[in-house]
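Take a look at the structures listed below.
The two complexes that follow have chain A in common; it is paired with chain B in the first and with chain C in the second.
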Partner chain A sequence: MFGLSTMELEAIQLSLRVALWGVAWSLPLAVGVAWLLARGRFPGKILLDGLVHLPLVLPPVAVGYVLLVMFGRQGAIGAWLFDQFHIQIAFTWRGAAIAAAVMAFPLMVRAIRLSLEAVDRKLEAAARTLGARPADVFLSVTLPLIAPGIITGVILAFARSLGEFGATITFVSNIPGQTRTLPLAIYTLIQAPGGEETAMRLVLISVVVALAALAVSEILARRAAARLEP
Partner chain B sequence: MTTTPPLLEIDISHVTAGLSLDISLNISGQSAVSGITALFGRSGAGKTSLINLMAGLARPDRGRIVLGDRVLFDSERGIDLPPEQRRMGYVFQEGRLFPHLNVRGNLEYGMKRRAGNGRGLSFDRVAGLLDLGHLLERRPGGLSGGEKQRVAIGRALLSNPELLLLDEPLASLDAGRKNEILPFLERLRDDPGIPMIYVSHNMEEIVRLADVMVLISEGRVLASGDVEELLSRLDLRPLTGRFEAGSVIAATLAGHDETFGLSRLAFAGGELLAPRVDLPLDTALRVRIRARDVTLATRKPVQMGAQNIYRGTILQMEPDTGSRMEVLLDIGVPLWARLSAKSAQELKLAVGMSAYAVVKSVAIDGHSLGRRRITGGGAGM
Partner chain C sequence: MLGTAFFLLLWPWMALGQEKDGRSLTVFAAASLTVPLQKIADAYAETGGEQVALTFAASSILARQIAAGAPCDLFISADEAWMNHLLNEGLIAPENRRDLLGNALALVAPANSGADSGGEDATPLDLSPRPGLEEDIMTILGDGRIAMGDPAYVPAGIYGREALMSLGVWMNLRHRLIPAANDRLATVLVERGEAPLGIVYASDARTSRALRIVAAFPQSTHAPIIYPLGLVADSAAGRSFRDFLFSEKAAAIFTKSGFRTGEFLSGNQ
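This part shows the complex of A and B:
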């Protein structure tokens, strides 16, 4: 396809799969955390806020190492997952998805939290007087109103996941077909003599994928915003 | 008089930022149960806070709220129904339509969530009553202020409430839009007969719509009862009168004078000629007569361009701001007149003196007339 080599196709497919799964798994959690941070009043809120933002300020390699310690075969979560379900995280594409999700999480939470804070709570009160229970109000009023924020968060997180490098290579290494996503493939190519041309092609492909994601986000966000206006 | 169970019993105290509410109120009687009860007071008096407490959007510090036979809140028994179980429709001052739904979606929101067996007014009936048929597919953002409020009223009605709370629904509208909505409110009052509590600080709206009135000042109920009765009470005048100087009298439509296009309204002081009122004979009316449309004479005027002349005794004289004087006359009902301080002096007016009040018949128009409903009962403290 388009004269791409197997290695290149593999890297593209893997990158998309890792980013999509990473975003899909973290989205419900991000909405929940954004809700807690925007609306919740509980002790330790500042701690939670800090924890969520940590991947944004830590060196990605450090995050990758922490993930390796937790999810490795000897790690607390990794050992349990393997013993119970025979699921291996470290050095697999699942681990790459987790690394991508963790690194992109703060961006997603921020976007959703901002739109939650902008929701007119009087509309939610009106929904209550019309007979809706709190969970119903969330699904029928709050969620549609924050849709533009969710779309922005998802696209930001998706783009961040596509570009994830440091945490991924530390946590799940650079295994062709398993964990060698686009950035890792580019890195590998420029390490070896004669790979510059292919590396440049992958860079261009990265540009195209990123632009496409941004375009889709723009269209979706406009459509969602138009639904909220006259 | 038949004993109708009270519509609403409230006995609560509540302290919010800058206001301490201490309300004891019993709204009962035929005219409240099937009509409009006005909650009147200046801004900041606690009107909106009070209906938020009724709707369950805020929680009183202590007390009891009972709607019909249902206890909505009782601090002693630990009862506090959430808003969605109170069955109070709420029309907010700013409409609060859902921006992500079109008009139809907004109207159906409460209808889909009706309690119990889903009885109540049908969608088509409400759309018809409020003339919403042509707006159904529109978005709230593109509606005019008046249209938005009509949708908000329809949305609340369709949730099948036991009581409809309206928080100054016309306050954000200009005069033209107000007059566009008032007939709809009159229609709702007369037809489905859902009891309504109407918060307002506009006396014109109250005279036109409400039969029963509750006066609120600084978080307390100052008085409650029939609108005409409360508005003729002198002791309440600092509260009721400063906004719209005038008197409100109860009258019935006695007949028409076809030649001149006039109607005769009978009241306790005689008959009042007004521009033709297109209502059936014997309709009970409430007439607001502004003080500036009433002038006084010490001798019976002859050859004057006003037909409404009444003899009465001066009860009270109050210098108004600046050069004016407001005079209260007992002509069978209390009637306020406003004249210049200079004329008052020239006429040598004094309390206890007898005088003639002259009311311009053209002064009475559609805005000063309200239909009274079967009275009896009212609100008690």
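This part shows the complex of A and C:
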């Protein structure tokens, strides 16, 4: 396909799979956390805020190492998952998806939280006076209003996931077909003399994927905005 | 947040300040040399030598940085290919290259793993090209993987692949690797028990208490592991530190860290 080698195709497919799953798994959680941070009043809110933003300020390698310690075969969560469900996280694409999701989580939460804070609370109050239950208010009033924020968050997180490198290589290593995503493939190619040309091709592919994702987000955001027009 | 912003603004200046001072010597070295070189730099300062600024990373990364003009006085590479690359590029004069150290490869396991696998300590694995070797390795592996430097570019991994090839077990084992970004990371993965087996430098294997040497790879299974040293900027200060690296004092520190020095190398040349 387009003269791409198996290694290149593998890296592209894997990158898309890792980023899509990472985003899909973290989206509901991100909406919940954004809701807590935007609307909630509870002790320890600052702590939660800090915790959510940690991957943004920590070196990615540090995050990867923490993930390895937690989700590795010997880690508390990793050992439990393996014993109970025989699910292995470390050194598999699932681990790569977790690394991508964790690194992208703060970006997603921030975007959703901002749009939640911008929602006119009177609209929700109006829905409630008309007899809507809290779940209905959320689904039919709040969610459409914050849709642009969710789309922005999803795209930011998707882009961040596609580019994730440091946490991934530390946590799940660089296994072809399992965890060698686009950035890791590019890195591997640059490390050996003579890999520059292929690396440059993968860089161009990354640019195309990123631009495509941005274009999709632009279209979705416009549609969401248009639907809100009276 | 404000503190972080300030730091981000300021650090380029701090870095510039360091570069301008000019008195210190900059050494780029392979990551596997971290421990002994730190000690040798301290010993050098004690004898009244210049401050030595040490930078450790994969040899490939360092070589590329030197080729791109990074300020560096001395380069110690973990493999000859990258040193030769710099020689070919004319960045290091041929007379300024010397072989500093030798190393070996070892098959290692987590230190606590011997007890539950039936007293393997008693009979070390026989690493020779024999029938049944692959089964023996697979038995220890179980459903785990072998941690080693990425054979695509990490010198330790390239030697490791060569060794597995000459033992005739590469074809099946290559799907069971954890290719790590450098030799140190592969060591950590075995130490932490994430990988039941690893192929790492003997220097790492001997100095780590969390590792158990399952078997040493025979020297004949791979090309000699040589750490060449190159003087990038030919200065009196650089030459003085290079001579110190070849001194008996430095050799003692290298030997303690599991490296081979002196007569081993001359025998190889």
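Here is the rule we use: the second predicted complex is superposed on the first by the 229 of 230 C-alpha atoms of A that agree within 3 Å, B and C clash if a C-alpha of one lies under 4 Å from a C-alpha of the other, contacts with A are read in each partner's own complex, and residues count from 1 in each chain.
Definition applied: a residue touches a chain if its C-beta (ideal position, glycine included) is under 8 Å from a C-beta of that chain, and two chains touch if they have at least 3 such contacts.
Worth saying up front: this structure is predicted, and the values here are computed from it rather than measured.
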item: Which of chain B and chain C A:Arg223 touches, first, second, both or neither; value: neither
item: Partner chain(s) touched by A:Phe91 [first = chain B, second = chain C, both, neither]; value: second
item: Which of chain B and chain C A:Lys45 touches, first, second, both or neither; value: neither
item: Which superposed partner A:Pro144 touches (first chain B, second chain C, both, neither); value: first
item: Touched partner set for A:Arg121, first chain B, second chain C, both or neither; value: neither
item: Contacts of A:Asp136 with chain B and chain C, given as first, second, both or neither; value: first
item: Of all residues in chain C, those that touch chain A in their complex; value: 4, 58, 60-61, 64, 81, 85, 144-145, 147, 150, 152-154, 177-181, 185, 189, 192-194
item: Of all residues in chain B, those that touch chain A in their complex; value: 55-57, 82-84, 86-90, 92, 94, 96, 98-100, 109-110, 113-115, 139, 141-142, 155-156, 159
item: Residue ranges of chain A touching chain B (in the complex, touch as defined); value: 120, 122-123, 125-133, 136, 140-141, 144-145, 147, 227-230
item: Sites on chain A touched by chain C in the complex; value: 57, 68-69, 72-74, 90-91, 169-170, 173-176, 188, 190-193
